[in-house]
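Report on one structure; see the data block that follows.
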Amino acid sequence: MFEYVWLIPLFPLIGVVINGLFGKKIKNEAVIGGIATLAVVGSFVVACGILFQLLSLPGEERHFVKTVFTWIQCGPFKADMAFLIDPLSALMLMVVTGVGSLIHLYSIGYMHGEEGFYRYFTYLNLFTFSMLLLVSGANMLVMFIGWEGVGLCSYLLIGYYFHKKSAGDAGKKAFVMNRVGDFGFLLGLFTLFYYMGVNHNVWTVDFTELAKHADLIPVGGVTTVVCLCFFLGATGKSAQIPLYTWLPDAMEGPTPVSALIHAATMVTAGVYMITRMNYVYIKSPTALLVVACVGAATALFAATIGTAQNDIKRVLAYSTVSQLGYMFLALGCGAFGAGVFHLMTHAFFKACLFLGSGSVIHAMHHALHAEHSSADPQDMRNMGGLRKKMPITFLTFLIATIAIAGIPGFAGFFSKDEILWQAYANPFHGPVNFVLWAVGATAAGLTAFYMFRLVFMTFFGETRLSEKAWHHLHESPIVITLPLMVLAALSALGGWIGVPKVLGEALGGLPNMYEHYMEPVLAYSTEYMHTAGLHGLHSEAAEWGLMGVSVLIACCGIAVAAALYVVKPTIPAAFTSTFPALHRAVYNKWYVDEIYDFLFVNPCKALGQFLWKGFDVVVVDGIVNGVAAVFRGFSGILRHVQTGFVHNYAYSMVLGVVVIVACYLFR
Amino acid sequence: MSQLPLLSILTFLPLIGAILLLFMPKNSHGAIRGLALAVSAVTFVASIPLITGFNPTGGFQFVENVPWIAAGPFQMSYHLGMDGISLWLIILTTFIMPIAILSTWTAVEEKVKEYMICLLLLEVGMIGSFVALDLFLFYIYWEVMLIPMYFIIGIWGGKNRIYAAVKFFIYTMVGSLLMLVALIALYFKAGAGDFSILRFYELNLDPVTQTWMFLAFALAFAIKVPMFPLHTWLPDAHTEAPTAGSVILAAVLLKMGTYGYVRFAIPLFPDAQAKFMPLIATLSVIGIVYASLVAMVQQDVKKLVAYSSVAHLGFVMMGIFALNQQGVAGGMLQMLNHGVSTGALFLIVGFIYERRHTRMISDFGGLAKQMPIFATIFMIVTFSSIGLPGTNGFVGEFLVLLGAFESSMRPWAIIATSGVILSAVYMLWMFQRVMFGELSNPKNQNLKDLNAREIAIMIPLVVLIFVMGVYPRPFLDTMAPSIDNMIAQAKKKQAVAMNVPAGMINPHAGIPGAPPITMPAPAGEAAPAAQAAPAVPTAANPHAGIPGAPPIEAPAAAPENK
Amino acid sequence: MESIFFIVVAAVAVISSLLVITCKNPINSALSLVMTFFCLATFYVMLDAPFLAVTQVIVYAGAIMVLIIFVIMLLNIRTETAKRSSHAVFAGSALGIFVLFQTCLFLMRGGMTGAPGPLDHAAIVKAGHVELIGKALFTDFLLPFEITSILLLAAIVGAVILAKKKI
Amino acid sequence: MLALNNYLIVSAILFSIGCIGVLTKRNAIVIFMCVELMLNAVNLSFIAFSRYLGNLDGQIFVFFVMTVAAAEAAVGLALMIAFYKNRESIDVEDINVMKL
């Protein structure tokens, strides 16, 4: 099965080619959607096969590289078009193809009747293709194809409704922000490649090769530079401070796209990349600290913004940013496994949430359309009480919300708890650990708060729709609800593969399958920490205590949300009017976009204008034209010598002869 | 290969075509266009054997050497030859020509015959410059190129064409005259003989001479490239030239400058190269950032693309001056990429200009709705120009930056990498403003999508964009030996000049003596080991760094810093 | 004897050439010029170049001058319509005299030396002047000679084109 | 045989006279004749040199000068006629179309 790994990205690519070239001719939505979905399902099947084969092998043999052809070879630099199979990539393949197929299926229903249906599925397949390349690439270059490819697709899909200016802007912003990250990625790659090559004669960008020579990677120094550069790449792709602003804007795209790209897959690329290179990061405590701090800060920061948004998708977007912050917090604490675990569970519940919100928007859109209202179908202030009309959506949404809030038993609890514990107990950051944990825990409370605020505003209470619109509100069709149900089930149960040790023992020896599964990938890091004497805190009591605290905080968050939005809906308004400045700042996302405009965008434009009109036209062309003008001026004077009278020419000719002869004679 | 003088045939086929065109009746436009297209197509076909018959050894092939002019002590020979460096540039030329001819199939309605003759003469000059190994011959072709282009801009150009044409002509002329002076001086330094570049390669010039000659050559080439402060002719020339003119200008003519550096300026004057590396690198980086910023605020699509050319060529220059395998190969590849992508961009601008007779970005918007095929192709080309992995732009750009990073240009390379961001900004912003948004301008409501001819023009380019992006091996592999030769040549002389043992010459280490990031051992320690190595000359091989135990390993033994 | 003859001829040549530029009527100028040409032909004979002397008379005095006089008649130009302003005349004359002065100075310096070749009077008479010229023209100077024919052809074509209004 | 200088001085005088004529006359035909005079003066020098150096090359040159003069006469006179047709004059001061 391993040999056929190249089929995984190939299927979606075939889908791209078919739909891209002939989609316009096919016209039939079922065929187009079917082709696209089947392509991803095909990849999913192959991925399953690979996973099973992988599981059947002993731990240390779970590593396979399939080289298809040599892509670039130049001097010592060599990059193969090669695929890497190990537990990490297999897991990611499963997540991407699995969630991807569900979202493709969902899209058939959601995008029904849209103009450019084929275009949508072409992009979606292209996106899946890129993402699969990203997670299965055996070297940094192949990963980088996917890395940029997902950026491209996100540009295309966000800008899907290209006639809207905001959509185009958002797409461009996403791409450019990602490009800033890519700048970091490239620099990191160059530095690592060059350092290893020059000093250790290891000219490689191959992950396997690098891992083999991981011992040669120095501690600190260059490694920190490399790590920070790569981390810049990760912040771009995974929407961390300072490059997170594109993600909320990305909600301009169709909702399934938000689910696929901006929740489940693409944004996790940074997490995947850092985990893939864990043996580099583990060597640089400074970089880890930066990663952890940025992660924690993002988690908290985005959560605060999330509390004040009214657009259902925007809340989810900030929630995504915040959850990604968690993942980076985990990575920064050296708990790479925990980060990826949260990535996986997050993929389940966030996809479910986004698709659920899509279902709501879909229904709201139709309802509002029926009464010719121009109200925003995404604004939660127009919703309320939807649980009566959309029970399946409501239930699945609720399950996912509980999961993200971190209620014990649901997927989010296990992963989030693991992260918080690692933040507290890791051996890297000393006293900062407590701060990291505290920030993480606060963010967890805020998460619970704003997520339940969302649920309460949308599904509970009395509807704020008009009679007629309410009448037209319907539960979505089965293609939409089926993926919801699957994802809800996964959000509920998905966490049980990674039960924390203390809890597992208490529950009668449940094994932590996930941790065991990931061991080969993190082997080097674990061993390194062991030999370097980096041991985390081991205290069952503390672990239980922290678990309790985090659950308590989550419950508090829910309770506050319930109090504010169900029991006494007047309080938020009162709060807003008491602290208008604060509310405005939070509502306007702390004015970060405006600050960026002020600091980077506008100066760049002004500089460009100046360089063009001021330097290019005035200085450079001024010199050029000035030289020409000087010559023209001189010739303007000299031309008067040319009188046009034959005699004058004759005179000057003879005079010339005389002078020349005179020179010769009297020298 | 047989004894067929393929390069001569290739050079003079278009000339024959031009002569044939002379005898065509003036008003049968269709036949004239057909003949010109046929000639250029035949030329392209005739250039295919260059690829199939190419033997990637690094030496010059398909050599023709016939004594030509013997005027007293001066001897010029008709010396043609081709290696991996020029191979793809020749192919690019012959490939772009039919496309260029097709591109103004309907746009040029006046003086069609003269127009086509100019195009074909231009091709003679371009191919000739790439194959000439005699510097005098090269100079002749170099000038031959200039004149048809001057007419193409000046006669069939836009409103401000005369200004643009004269500017183009004078700018280029200034440079080439200086080059002529340096060329003659070089000849006298070399003593009696012919103007063969191979003979000049063997010279050992003193640094002062090198400096002056390099400056003269470099100025000529820098104008053609064009490098930062000398670039202002390009936007004007591009904007005013007809589509075919812009395409050829971007795709081939600009490459003359960079090709000149690779073929002449650097291997002839390696010490000067080392000396001026910081200057050139600075100018390249300024060019990249500056042109990107200026491109960002352009209102004219064609001007924007022209400025993007300046930025792209900045990358090429960086790669070439990195003077290592990756850098130079990347630079060469980037030349081809730029030819394909920017050529395609100019074609695209030409398409909409033909339809709307405006190039102002603000006149467009929302075209994607009206012209989906156009939008798709435009997008692919845009992303190729941005350098998205999987398209051609990426491979070149990546190798250039990698090469620059490995040389002593590292700080510049870091700034240049930011060009990656800026290129995305200006290209996407332009794309967005032209293609996205509401279709608000009523004049755009009735735009027709691309017709069959236009699609036929674009398809080869689009295919090439992907082929070069996904499988660049054929290009890289054929270039590699020649580039190795070139680098070894330059480094050997630099080493001689600096009294560095030949063992230190390793393209991967960049300029000898440049400190790598944290290379703990000083270069001096490595030197004795290198001298002790029996096969010192072979150590100059750029591949020496890969498998065995080359001298560069000496620092590896040093302790890590923490 | 020879020198007296020379002085006479030279005087005639100079005087007639002065007449060329002083006569008001172009016809008179032309006739004076013919006189000068004859004097020159005489010099040629004295210099053992009889063939050139004959050619001088036939081509210059005959063909070219006839052509000039013909044109003067055709255009019916009697006198010079207006004179040049006096200081223009003065400047021109001064310049011309200065040229003469320079040339004479040059001659005074001497230096007109050179190894005499094999062709002295006896040799020319023996071989015959026409034969010598002919041989030189058709051996060493064949190519220029042929090219001269092209020049003449071009002149003919040019004259036709200029003279005709429409071709 | 007379000294070379005699001929050369006569030649120089004739040349100068021709030169003065060219510079001072206004009638194009007279100027043309003066040019012929100058040419002839040079011819004389050629032949004199040729004779004194015992080398025929100078005389061959005279031959060519005559040819050129003939060609010049043909074209020059044709020009004059053409000009006269246009301007009813052959005064060189009327030939000023090259003026700014």
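Labels A, B, C and D are assigned to the chains in the order they are written; within every chain, residues are numbered from 1.
Heads up, the rule we're going with is that contacts are C-beta pairs under 8 Å (C-beta built on N, C-alpha and C of every residue); 3 or more make two chains touch, one makes a residue touch a chain.
The shown structure was predicted, so the numbers you read here are calculated from the model rather than taken from an experiment.
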Subassemblies held together by touching, subunit A left out: B | C, D
Between A-D and A-C, the pair joined by more C-beta contacts: A-D
Innermost chain by mean C-alpha position: B
Inter-centroid spacing, subunit C versus subunit B (mean Cα positions, whole Å): 62
Centroid spacing, where centroids are CA-atom means, of subunit B and subunit D in whole angstrom: 58
Subunit A and subunit C: spacing of chain centres that average the CA atoms, whole Å: 97
Whole-Å separation of chain centres (CA-atom averages), subunit A against subunit D: 92
Touching two or more other chains - residues of subunit C: 84, 88, 91-92, 95-96, 99
Numbers and ranges of subunit B residues touching at least 2 other chains: none
Where subunit D touches two or more other chains, by residue: 19, 22-23
Touch relationships between chains, expressed as pairs: A-B, A-C, A-D, C-D
Subunit D - residues contacting subunit A, complex: 19, 22-23, 92-93, 95-100
Residue numbers on subunit D that touch subunit C, as the complex places them: 1-2, 4-10, 12-27, 29-30, 32-34, 36-37, 40, 43-44, 47-48, 50-57, 59-60, 62-64, 66-75, 77-82, 84-85, 89-91
Residue numbers on subunit A that touch subunit C, as the complex places them: 647, 651, 654-655, 657-658, 661-662, 665
Footprint of subunit D on subunit C - complex, ascending: 2-3, 6, 10, 13-14, 17-18, 20-21, 26, 29-30, 33, 36-37, 40, 43-44, 46-49, 52, 55-56, 59-60, 63-64, 67-68, 71-72, 74-75, 77, 80-84, 88-89, 91-93, 95-97, 99-100, 103-104, 107, 112, 114-121, 123, 132-133, 136-137, 141, 144, 148, 151-152, 154-156, 158-160, 162-163, 165
Subunit D contact footprint on subunit A (complex, rising order): 639-640, 642-647, 650-651, 654
